[in-house]
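In what follows, chain A forms one complex with chain B and a second complex with chain C.
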Partner chain A sequence: MANTEASGGQSAFLSIRNICKEFSGVRAVNDVDLDIQQGEFFCLLGGSGSGKSTLLRMIAGLEKPSSGTIRIDGQDITETPAWSRPVNMMFQSYALFPHMSVEKNIGYGLRQDKWEKAEAEARVSELLELVQMKEYGKRKPHQLSGGQRQRVALARALARKPKVLLLDEPLSALDKKLREDTQRQLVAIQKEIGTTFIMVTHDQEEAMSIATRIGVMDNAKLIQVDTPRELYEKPANRMIAGFVGQVNIFEGQVSGSGKNQTIQSKDTGNALEVLGEHDLADGQTVWVAVRPERLLIKTRAKGRAAAAPNKAAGRVTDIMYLGNITHFEITLKSGKHVRLTISEHWDEEEATVRLGDRVEISFEKRAAVLLTR
Partner chain B sequence: MGKRHPLILLTAAFGYAILYVPIFIMMIYSFNASRLVTVWGGWSTRWYGELFQNGQIGDAAWVSLVVAFGAAVVGTVFGTLIGYALARIGRFRGRLLLSGMATAPIVMPEVVTGLSLLLLFISMENLIGWPAGRGLTTVIIAHGTFCMAYVAVIIQGRLSDFDTSIEEAAMDLGARQPWIFFQVTLPVIMPAIIAGWLLSFTLSFDDLVIASFVNGPGSSTLPMVIFSKVRLGLTPEINALATIMVAVVAVGVIGANLLARRQVKTQKRLQKS
Partner chain C sequence: MSGPKTDFLSKLGSRLVIGLPMFWLLLFFLVPFLVVLQVSLADLRLAQPPFTPIFEWLDGIPSYVGDLENYEFLFSDDLYIRSYLNSVKIAFISSLACLIVGYPIAYVIARADDALRNTLLLLVILPFWTSSLLRIYALIGMYSPTGFINSWLISFGLISEPIQLMQTDFAVYSGIVITYLPLMVLPLYAALQKLDEDLLEASADLGAGPLKTFWQVTLPLSLPGILAGCLLVFIPAVGEYIIPALLGGSGQLMIGKTLWTEFFNNRDWPLASAVAMVMLAVLVIPMMLLRNAQSQEGRS
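Moving on to the complex of A and B:
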C-alpha cells in the first residue's frame, strides 16, 4: 500500500481548512484541517457522534459549513451547491430510487447532466460491468440482495466521473463475510479507476485494511491523520491506541530530569523505559502503550519478583485458545489486567504456561509507545 | 399465537354483526320480488332493472360520479401539497397547531362545514361574481376541501417514514428542486397518493350533508336523491341502489387499503435486507 504523506498547502487535491459546523450551538465538527492527495483511499474513522459523517456531508455539499473552506483540485467549492460539485456520495442506506431499474438508477446523474443518449448508455453498461452487475440492469432495487444494491449504489455514485467519491459507511449493512469480500472489491475498483475515495467508518479493522491513510475523529475534532501502520505503532493518544486494535496501557510518574529521568509505574511495580528522547517534566503523569502481541511471558518461581525495567509479575487468570493465536489475561500484583497474545509458533517455555501460573511479563523498549495524553 | 379466549371471539362476532348485519339484510332485500319492502316475495333482480330505467336516479348517479371524481382530484392535489409541506417544514413553534388545523375538517361537524362553505360561496359571488350560483362547481369545491384534509393526513404519514437520503442522492447526482420532487419524491409516494384519491372519491360519493348545503339546480347527488325518496316511503328500488353504492364504496376502500399495504411491504423488504 502506498505510503502517502500529507504534504499540506496548495499541492493537496482536496484541501479542507478550518472547517466548523454547529448545530444549534453544538459543534459537530470543530476546526478541522485536512489534506488528501489525488488517488488516495482515505478513511475517516471515529465513533458515532464524532463528526465524521458531518464532515463528509460538508464535502458533498449536503451540509453548509459554519466556517472554513473546502477546495478540490484548486477550486474553492465551499459555496458551490451539492448538485454542481465534482463530488458524488454513496449513502449508508444506498438511497437507491425504488421506482427505477438498476440502469435508470445508474444513469440518473447522466440524465441530469444532459449526456447524449448513446454515450450515457455506454457509460451505464461500462459501470454495470465494473461492479459485475451486467445481468441485473433491468431489475428494480427491491429485487436485489444487499450486496448487489451496494454495488449499484457504487456504480451510480461513480457514473458522473466525480473527482472525489464519498462513501458513508457503505459496508455497515452487510454481514461480516460479505463485508470482507466487498472491501476487497472496493479497493480493487478504486485502484482500477484511480478516483480519490473518502470513506467514513466506525470499524477500525475496515479502515486499517482498506485505507492508504486514516483520519481519526473524536468529539468533533480530527485527532490524528496517518497511515494504518503509523496509527497502530505510534498512536497520538490513549484514545487512538485503544481504538485501533487492542492495547495495554501502563500509567507512570516521571521523576527527575535530564539523563537521570525515570518513569516509575505503580501498575508494573517497576520502571518503564522507552526508546528516544522525550521532553518530560518532573512529576508528570505519562502512559506507556504496549500491544498484546509485543508482550513476552515466562513462568516464575514462587515469591520471586520481577525486578527490572519493563517487567511485571502476575498470575494467569484466563487463557483463550484460538488455534493460530492464544489470548492470555494476566492479573498483575497491582491488580491491573493485562492482555497478551501469542502466535502459534511460540517457544517451549511459553507453551507450558497454564491457567493460574505465576508469570513474569516483559516487553522490549522498542515495543513501547510513550503517550502524554 | 396462543389460543384465543372464546369471549374475545364472541365480542368480535357481536361487533361485526352490529356493523354488517343491517347492510347484509338490505342487500338481500334488494333482490326481493315483492313490492312491499318488509315482506319477502322470492328472489328477483326486478328492482335493479327498474332502477336503471329511472332517469332521475341515473342523472343523480352521474352527478355523484362527476363530483366524486372532481373532488378527489382537487383534494388529492392540494392535500398532497399540504401533507408534503407539513412533513418537511421542520420544527417550529405552532407546528402542531398548524397540522391540527389542516386536518380539522375531518372532525368538524359537517353541518358547520356545509354552512360555512355556503356562506363563503355567497359572499364570493357578491364580491367577485364567482362561482355564479350553486351547482356542480360548488359541490366539487366543498367536497374537495374535506378530501384535502384526509389526503394531507395520508401523505404526511407516508412521508414521516420516507428515507430522505434518496432526495439527497438525487441532489448529489445533479438534480435540483422542483425536479427532485417530481422525479423522485412523487413516484415513491404515488401509491399513497392513489390511496388518498380513492378514499376521497369514496368520501365524496357518500356525502349528503355538505352537498345539501352547497348544491344548486341540476346538481343533486345520489345520496340526496335517495334521502328525498326515502322520506316519501321506502321502495325496493332504493335497496338495490344502496347495494350498488356499497359495492362502489367497498371497491374504493379495499383498493386504497391494498395500495397502502403493498407500499408498506415493499418498504419493509427494502429496509430489512
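Moving on to the complex of A and C:
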C-alpha cells in the first residue's frame, strides 16, 4: 500500500498496526494500518459511518481498540489512558468548558500538568496571540461567536504542546466563507508550530486543499492513502474516484490477452485505451475513469460516427455557464450521461457548441485511469 | 383571522391562564398568611376564637391594638431559639446526607442508557406514590427493638441485646433522607443529564483523570442541580413534624413539634402563629439572598 512507501522503511512518527474496533459485534474500524510522519497535515476522509472518527478517537484514547497497536514516537500507547497520552484533540462541538473563561479553558491542560503559574500564564497569552484572541481572554464561551469558539478550542488543544493534534471535523459548524478563511489559518498555524495534525473530515474539497496526505476510509476500512494529487489522478477504485471530485466512468470488457488485449466499452461504443501495462484476464469487467475537465469536445456532422478508440458520439443535453468554467452534460448514443468541463480559455470550435448539437467527445490515453474495482 | 374580537378573546384567554393560578394563590396562600400574621400580633384569651382582635373601635375610630409581645416572648425563652437552631441543624445535615446519597444515584441514572434510565427513574419516584406516613411506619418496623434489624442481628449472633435505633438522631435523619431523597435526585439528575459528554472527554484529553474531571467539570456544572435539590430538601425538613414525632426521642426539639405543642396542647394560637411567622422568615430570607446571589452571578 502507498502508506508503507511513504514511510520509506524508517519507523513512522505515528504508527498504527492492525487496528480494529467492534461495537457490539459490528466492525467500526477494520484492520487499519497507517503511518504518519512528523509535521504532516494528514486528513482522514470518509462519509458518515466510515469509521474515520472512531479511528481518531482511538488515537486520542477515547475509544479502546479491540485489537492492534498504536505507537507514537516509538512509544506504544495502545493501553495508555487518554489523560496520559501526548496527543490532544479538538472536538467537533469544541467542548469548551462553559463555566470557565477563555483563559481558564486554554490553561486547563496546563493546570493538570502542574505547570508553574507564571509559565502557564505566558503560554496562555502566547496561544491567545496565535489564534488572534488576545482581547477575549476574560470572556466566557457563551459570549463568543462560533468562529471565536473554534479558535479557543484550537488554542486549548495546542496548549500542552501535544506531539499529535487531532481535529474532529473542526470546521463543520462554520459557514462557508468563514470555513475557507479558517482552513487557511489552520494551515498557517500548522506550518508555524510544526506539530503533526490529523484531521477528520467528510468534505473532500477541504481535505484536498489542506492535507499533505489523505487517507480515504469507507466501510470501516482504509482504502487508499496518498497525496491529494495522487488521489485525484490515480484513485484506487470507483468509490474514491467519485468521492474525490467529479468523474466519468466508462465500463468495459477485456477481451484477448497479451499484446492483442483490448477493452471494448458499450458505454462509448468504442475501444478504451489507457497507458501502461495491466494484468487483466480475458472477459474481466474493468472501468476507465476520466475527469470532466480532461474530456475534449467538438461538433460532429450528422450521421458521422466517432469510430476510434477513446471516442464517443452524443448530443449536448445541458449547458451550465459559470463564467470561469462551463459544464456540459452530454448524452451518449448508449444512453450514458457524461459530464464535461471547459475552462474559459477554450478554442473557437468548443465555443460554438450549442444545446442539442451533435458532438464527439474524446480523451487522451494519459487522461484515463484504469480501475479494476 | 385577527379581528378586534379575536384579539379581545385571546387577551381574555391569556389573562385567565395567568389569573386563575394567581387567584388560587391569593385565596389559599396570601389570605391564610395574613390571617396567621394577624393572629400572631394578637393576645391570648379564653374564648372562641382564642385570640383578641387586633383592630378595635376606640371612640368611634378603628385603631390598631396588636403588639409584638408574642415575638418578644419567642426570643426571651431559649426553648424556641433552641428548637429553631436544632431544626435548621437537622435540616442542614439531612440535606447534606441526601446530597451524598442522591448524587451517585443521579449520576448513575444520568449516565445509564435510555431503557435502563426510565426504569431507574421510576424506582426513584415509586416510593413517592406511597403515603409518607406509611414509609415512616415501615421504618419503625425496621428500627424497633423487636424489628427487622435487631432480630436479624440477634439471630446472626452479632449482638445479644437489641440496640437502641428508635428515638435516636440517626432514626430522624434516615427518615428524612428516605422521605426526601427523590426531591434531591430529580434536580440532580436533570443537571447531570444536561452535562455534555464531550466536556468529560475533553477534560480527559487535556490530562485530567476521572477524579480531577469530576471536581473540575462535573461538580461545578451540576451546581444548579445541587442548590435546587438542597433547597427542596432543606425547606420541608426545617418544618418537618411527623418524622421527628414518630422516630425521634422526646428530647428532640424541632420547631414543627414546638408549633404543634403551642397550637394544640397549650391552645396558644397567637404564640403558635408567631412561631410560624419566624419559621417563614428563617426559610425565606436565606432563600432570597441565595436567589439574589445567583441572579447577580448570571448577570456578570
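The definition used in the following text is that the second predicted complex is superposed on the first by the 365 of 373 C-alpha atoms of A that agree within 3 Å, B and C clash if a C-alpha of one lies under 4 Å from a C-alpha of the other, contacts with A are read in each partner's own complex, and residues count from 1 in each chain.
Assume a contact is a pair of C-beta atoms (placed from the backbone, for glycine too) under 8 Å apart; a residue touches a chain by one contact, two chains touch by 3 or more.
Just so we're clear, the structure is a prediction, and the values are computed from it rather than from any experiment.
The superposed arrangement places chain B and chain C in clashing positions on chain A. With both structures placed on the common chain, the touch criterion links A:Ala60 to chain B and to chain C.
In the overlay built on the shared chain, the residue A:Phe13 is in contact with neither chain B nor chain C. Residue contacts after overlaying the shared chain place A:Arg156 against chain B and chain C alike. Of the two partner chains placed by the overlay, chain B and chain C both lie in contact with A:Asn88. Look at A:Pro141: by the touch rule set out above, it reaches chain B but stays clear of chain C.
In the three-chain model built by superposing on chain A, chain B overlaps with chain C at stretch 25-33, while the rest of 25-33, 43-51 or 151-159 show no clash. Shared contact residues on chain A (touching chain B in one structure, chain C in the other): 60-62, 81-84, 87-89, 91, 93, 95-99, 108-109, 112-113, 156-157, 159-160. Contact residues on chain A toward chain C in their complex (touch as defined above): 60-62, 81-84, 87-89, 91, 93, 95-99, 108-109, 112-113, 156-157, 159-160.
Chain contact summary for the complex, chain A toward chain B: residues 60-62, 81-84, 87-89, 91-93, 95-99, 108-109, 112-113, 141-142, 145-146, 149, 156-157, 159-160. Within the complex formed with chain A, the residues of chain C that make contact are 196, 198-199, 201-209, 212, 216-217, 220-221.
Chain B contributes residues 163, 165-166, 168-176, 184, 187-188, 190, 266, 269-270, 273 to its touches with chain A in the complex.
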